[in-house]
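Pasting the structures in now, so scroll down.
Below are two complexes that have chain A in common, paired first with chain B and then with chain C.
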Partner chain A sequence: MTAGHLLTSWLDPSLFAATALGTLAGIWIGAIPGLSVTMAVSILVSFTFAWPLEPALALMAGVFTGGVYGGSRSAILLNIPGAPAAIATALDGYPMARRGEAGAAIGLTTLASFLGGMIGVAALALGAPAIAEVAILFAPRDYLLLAVLGLLLVGSLSGESLAKGLFAAGLGVTLGVVGLDPMTAEPRFTYGSVALLGGIPYIAAMIGFFGVAEALAQLRLADAETVRQRIGRIVPPRAALRRHLPLALRASGIGVAIGALPGTGGDIAALMAYDHARRSTRTPTHPFGTGAEEGVVAPEAANNAAVGGAYIPMLTLGIPGDAVTAVLIGALYVHGLKPGPMLMIETPHLFWFTVGNLTLANVALLAFGLAGARAFARIAEVPRAVLVPLILVLSVVGTFAIRNSLADVWWMLGFGITGYALRLYGFQPGPIILGMILGPLMDASWRRAVIAAGDDVLGAAVEATESAISLVLIAAIVLIALRSFSWGKGRKALPPTPHP
Partner chain B sequence: MLTRRTLGALAAAALARPVAAQAWPPRDLTGIIMWGAGGATDVVARALTPHVEAALGAKIVLQNRPGGVGAISVQAVHAAPADGLTLLYGAENPQLHKVLGLAQIDYADFFPVNVIARGVGVIVANRDKPWTGLKALVDEISANPGRVRMGATGPGGLPHVIGAMLNAVTPVRVIAVPFDGEGPGLTALQGGHVDFMPVGVAAAAEHIRAGRVKPLAVVNPEPVPSLPGVPPVTADFPGFARYLPWGPFYGVWVKRETPAPVRARLVEAFRAGAANPAFTELMARNGNVMMNIAGEEADAFLKRWQSVTSWLLQEAGAAKRSPEEFGIPRP
Partner chain C sequence: MAEPAARPGARLLSLPLFAAALVVVLEGLRLGGLDSPSSPGAFPLLAGLTMAGAAVAIGLGRHAGPADGLKPLPGRVAATMALLVGFVAAMPLIGFHPAAFLFLAAAISLSRRRLSLGAVLIAAASVAAVHLVFRLAFTVLLPEGTLWR
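Here is the complex of A and B:
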């Protein structure tokens, strides 16, 4: 009975330890901006080279699970998302911390991540082959539609003015396409610089626009008192859990789906879930953008659900669901396995081992997440004179670590200063990063769809009407667009994000 | 604080370090990988390096620095001192940078420490297509010019070059849809978004074995052991023979000006590492042909590859600048 391998990592002490330690290390790596899970897992491929396969996989699954969750820590406490998947968490998590509710925000995040993670694992265990077959049916035009759906998020992220949000998103798209055109290898916006051929990493922009801009904003308040944190209660009350459960479940569904698609990962999943929360919650605990609990529950449930989702095409078809699973496929090669469609047929125990292992990692996440919450929450009480230099140092180190490029550090600092100026005039950083993430996806998908139709835009449109997936996506776009536009009354302004 | 470097140091401390360290290297080496984590070059680099470290008695800290079809990494290693402490882990791409107008530096500026292995291409089709061989595919393309969709990976990529070879042997007009790599292309092939695709055997082998894509021909003068029963392209189209053997390759380079004793030490360590049975087995399983050559022998291989491929792209109208400008001889 191969399903018995579910328990392998629970019963073997060394596998148990590898998973738990991996999760703890992942939380730390995830919390430091610039240190990405992808990078950590690829270092582990060499590190665990001489190990047997199971502990190596256990360690990596732990780092993956913990890392996706850890990004929320710095987002809540410092307004610097530790990873792109935590951008949405910063939007409401940081205002919560500034209200003295850092502990509660961390508690909610931890439970949402745990729930999302478990739903991701359940989807992997129960529906993997079927979900994978649907995921590969997504054509280039469907990725374009998905990106358009994502762009509707601008409405949720722009703060006081939609026009400013659109401007910021446009800036992001422009920054996102700098570098060699992935299709024709034509340099775009590089002005002859070799350093720009590789583009501007959106993580550098994220650290600059969020972290450094935040540090500069904090400088203006250097002498103000820091907010005392109420850390009596970490685990949210039962009523809150009941209240957020339906949203967390829906967000997890979004996370599994987006994670399972080979072209998208947890970052897009979290942003889409945040948008969904905003559109579907009538009475949030606080207005969105000012510390709504729904605003941290949805993205955190989604990005951890995307972990299980990303494993789905990887384990069933040998197709990575995101950047981290791409590295995991490489790890399987190095360990003498042949990742591909035969993996599940020839080594089914590996599938059930991974399912059991991810479950264990999620339990470890819950334990470590809740246990460390009080100590972490105190970070929000650190005086600004200490905190601001710390943020700057972290930002520089993290940016350099992305790909050991000093040019990226200069970009990051430049973005920080620009971001501060933009903030003063009410431009939000969210749409910029959204544009940088979705811009290249839209660019490539649009051109791929049109090229595939024989350089015929009309032909591509006709093809879209013949596919069920495309029609569903088009319907979703139309519905959301119609609902966010109240005819006759003008656009109802979303509440502005208060300036710190 | 946990930085990448301390992580590397932790890794170094954990792996047993052989005692017999010689005077060189004075410190850890840096290996710069020109493609991203999880790609074919990355897998080769990370699988080989532990064996080399054992032979060298020193640690090689690996970093991925992708971007610019490899140009970013080439530039970075070229800018480092010629002391042999910065290694370039690369693939074939820089040999085309000049004709594609991407950069002026190629492997002529580097000393080949080891050309590890070369890959072989295979032309695969969506499994629902009626084609039983390459001939049938070419017939369909000729009957419907500009209708059949080919998966590609951008200029200078393996699908592009093999497509150009096919076009030179028998004129074919197809729609080439570029994807971000062989993996995403194969995914699209299985989803039915493209009809066929030339890819490396390493990327396609498992999908072929599972029957999810259909192999039509291997791009090699003779069949390859990892794909029994798949005919060579030369069976239907003997004209291919003049370009073969051809394929992507992986290797390790240092700057050309590196002192001779240092070069010799690196060559020796990599030769021993690449001969490790665990590694050669991995490479064979991935459908690669081991080469494990260095110095002049490797230089000759690199020159011939560049000359064949550059002129092929030039004749296909895909080169931005003529190979003649750079003194690349005709094959």
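Here is the complex of A and C:
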């Protein structure tokens, strides 16, 4: 029985260690201000390419789960979210710490993250097989529509303007199709360079955009002083657990749903859950924004639930749920796997292995989170002046490790410096990376859909109106486009990362 | 409420963005993007046109970039970029370990605005840790340097 693979990583000591160490590393990196889980995953997975598949998957699951949770530490202790998914946590977590309740905030976030993470994994286990069965019915145009939906969502939600999001997505898509055309073998965007015929190494681009660019951006804040908080009791009293359980369950549901949408991830889920908590809680422990316990429970349950949710489109459709799963898809390709419905059908043991991994990672999160609360608090205080150069060295090693290629390292540096410049002007790297991953899929789906309709775009559009799946996707795209269409106008996006 | 100040040069940025979009559009046209919707150039043409439209909208937009009160390219960041480029350029010649050590010692000293024994020790310990973890445990091959052959 393939579901028996649920226990593989629990019973194999090396896989158990890879998952636990991955979770620990994820928490550690996530706890460092400014270092996102995407950066952690980008850098760490590059070292696993020479590994067998199972330990690599185990490490990735751990890093992803731990990294999302770790971001809450610096949000609570320093008012600097360790990751975008922890922005909402800082709003009430830091005021709690200032009130001398840092330990309580850490305890609540740990338990909420564990609960959310487990609900996300349960949703993955129950939902993914069903979605994979539906996904077999998807026509090429449906993949195109799904990819457009993902890019539109990430473009509209991750930055200050839809125009910047769309430009970034267009740039990513273009970078993704550089090289020989898979259908006609015609070189595209190569300009006579033999090195470009194989395409742009996307793992190098990911490390550049998320590792180097983020590290350089953090260097601008190197003079910011860190503040030490006193950590008291960590495990919350039972009354608090009972009080917050219904909210944590609802927030987890939000997290799973948002995480499962292509292009959205833990950061959006956490903000939506925070908003839900604010609207639905009549008598919070303190007013929201001044240290309400509900203000840390809801976003933390949601962002960890979004991890399981983000795996659903990744494994069933081959579409990234968010930037981290975009990186993971890149890693799976390097390991010779092709995420999508056939992965679920041909290698179901890998799916159940991943579910088991994520479960183990959540248990490790609970253990490390509660036992290592004080140690992780010190990590959050490591000065950026030391940290940033170390990250840059790791980025170089990680990129070089992929193919032992210095050319890849130069690509990574180029993307890093470009990413730094784009970031200054409000461009997010997420749509670029998603575009790079989705570009080849969109290109192939577009052409297959048009060819199937006799090389007729209008014919392909008419065919789309005759399919229920296509109609649902078109309706979703139109709805999102109408809601977020504000070319050039300022829109309310994610709140900026606060600084001490 | 007053509009937040935009980063200097934010509107001008739309010009290189538009130029980049134009490059994509031209490549799409070269690949027959207009000849057939299933040609190799059709999708790049669509992507290029989307980028061009977005670049125009960015140029006309009000929110042309966040200004956070910090210099866009502080000397420390520029110098670290230069050190990083030097590190990668030196790696094939002198090898990963010496290049990484020199980079770390210089970059940490630069960030702390002083050369100290601490920076040198951190650099040495970090290179040793990278060697232990990545060379020995993860078996990552690191350049040894042509100079020492």
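We adopt the following convention: the second predicted complex is superposed on the first by the 268 of 500 C-alpha atoms of A that agree within 3 Å, B and C clash if a C-alpha of one lies under 4 Å from a C-alpha of the other, contacts with A are read in each partner's own complex, and residues count from 1 in each chain.
What we mean here is this: a residue touches a chain if its C-beta (ideal position, glycine included) is under 8 Å from a C-beta of that chain, and two chains touch if they have at least 3 such contacts.
Note that the structure is a prediction, hence the values are computed from the model and not measured.
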Next on the checklist: Looking at A:His286, would you say it contacts chain B, chain C, both, or neither? Reply first, second, both or neither.
Outcome noted: neither
Next on the checklist: Output check: A:Val45 vs chain B and chain C. Expected answer is one of first, second, both, neither. What do you get?
Outcome noted: first
Checklist entry - Touching A:Ala401 in the superposition: chain B (first), chain C (second), both, neither? => result both
Checklist entry - A:Arg99 contacts which: chain B (first), chain C (second), both, neither? => result neither
Checklist entry - Looking at the overlay, does A:Arg250 come into contact with chain B only (first), chain C only (second), both, or neither? => result neither
Next on the checklist: With both complexes overlaid on chain A, does A:His349 touch chain B (first), chain C (second), both or neither?
Outcome noted: neither
Checklist entry - Between chain B (first) and chain C (second), which, if any, makes contact with A:Arg374: first, second, both or neither? => result neither
Checklist entry - Considering each complex separately, which residues of chain A are in contact with chain B in the first and with chain C in the second? => result 47, 50, 183-184, 397, 401, 404, 451
Checklist outcome for this item: Note: in the complex, chain A contacts chain C through residues 47, 50, 160-161, 163-164, 166-167, 169-171, 173-174, 177, 181, 183-184, 186, 188-189, 212, 216, 219-222, 384-386, 388-390, 392-394, 396-397, 400-401, 404, 406, 409-410, 413, 417, 420, 424-426, 439, 442-443, 446-447, 450-451, 455-457, 487-491, 496
Item to check | Residue ranges of chain C in contact with chain A within the complex | outcome: 3, 7, 10, 13, 17, 20-21, 24, 27, 31, 36-38, 40-44, 46-48, 50-51, 53-55, 57-58, 60-66, 68, 70-72, 74, 76-77, 80-81, 84-85, 87-88, 91-92, 96, 100, 103-104, 107-108, 111-112, 122, 126, 130, 134, 138-143
Item to check | Parts of chain B lying in touch with chain A, wherever the complex brings them together | outcome: 1-4, 7-8, 10-11, 14-15, 36-39, 42-43, 46-47, 49-50, 62-69, 71-72, 75, 100, 102-103, 146-147, 149, 154-156, 175-180, 183-184, 186-188, 190-194, 205-207, 209-210, 212, 278, 281-282, 285-286
Checklist entry - Any idea which chain A residues touch chain B in the complex? => result 28-29, 32, 35, 38-43, 45-47, 49-50, 136-140, 179-180, 182-185, 194-195, 197-199, 262-263, 317-320, 323, 326-330, 333-334, 336, 338-343, 345, 397, 401, 403-405, 444, 448, 451-452, 454
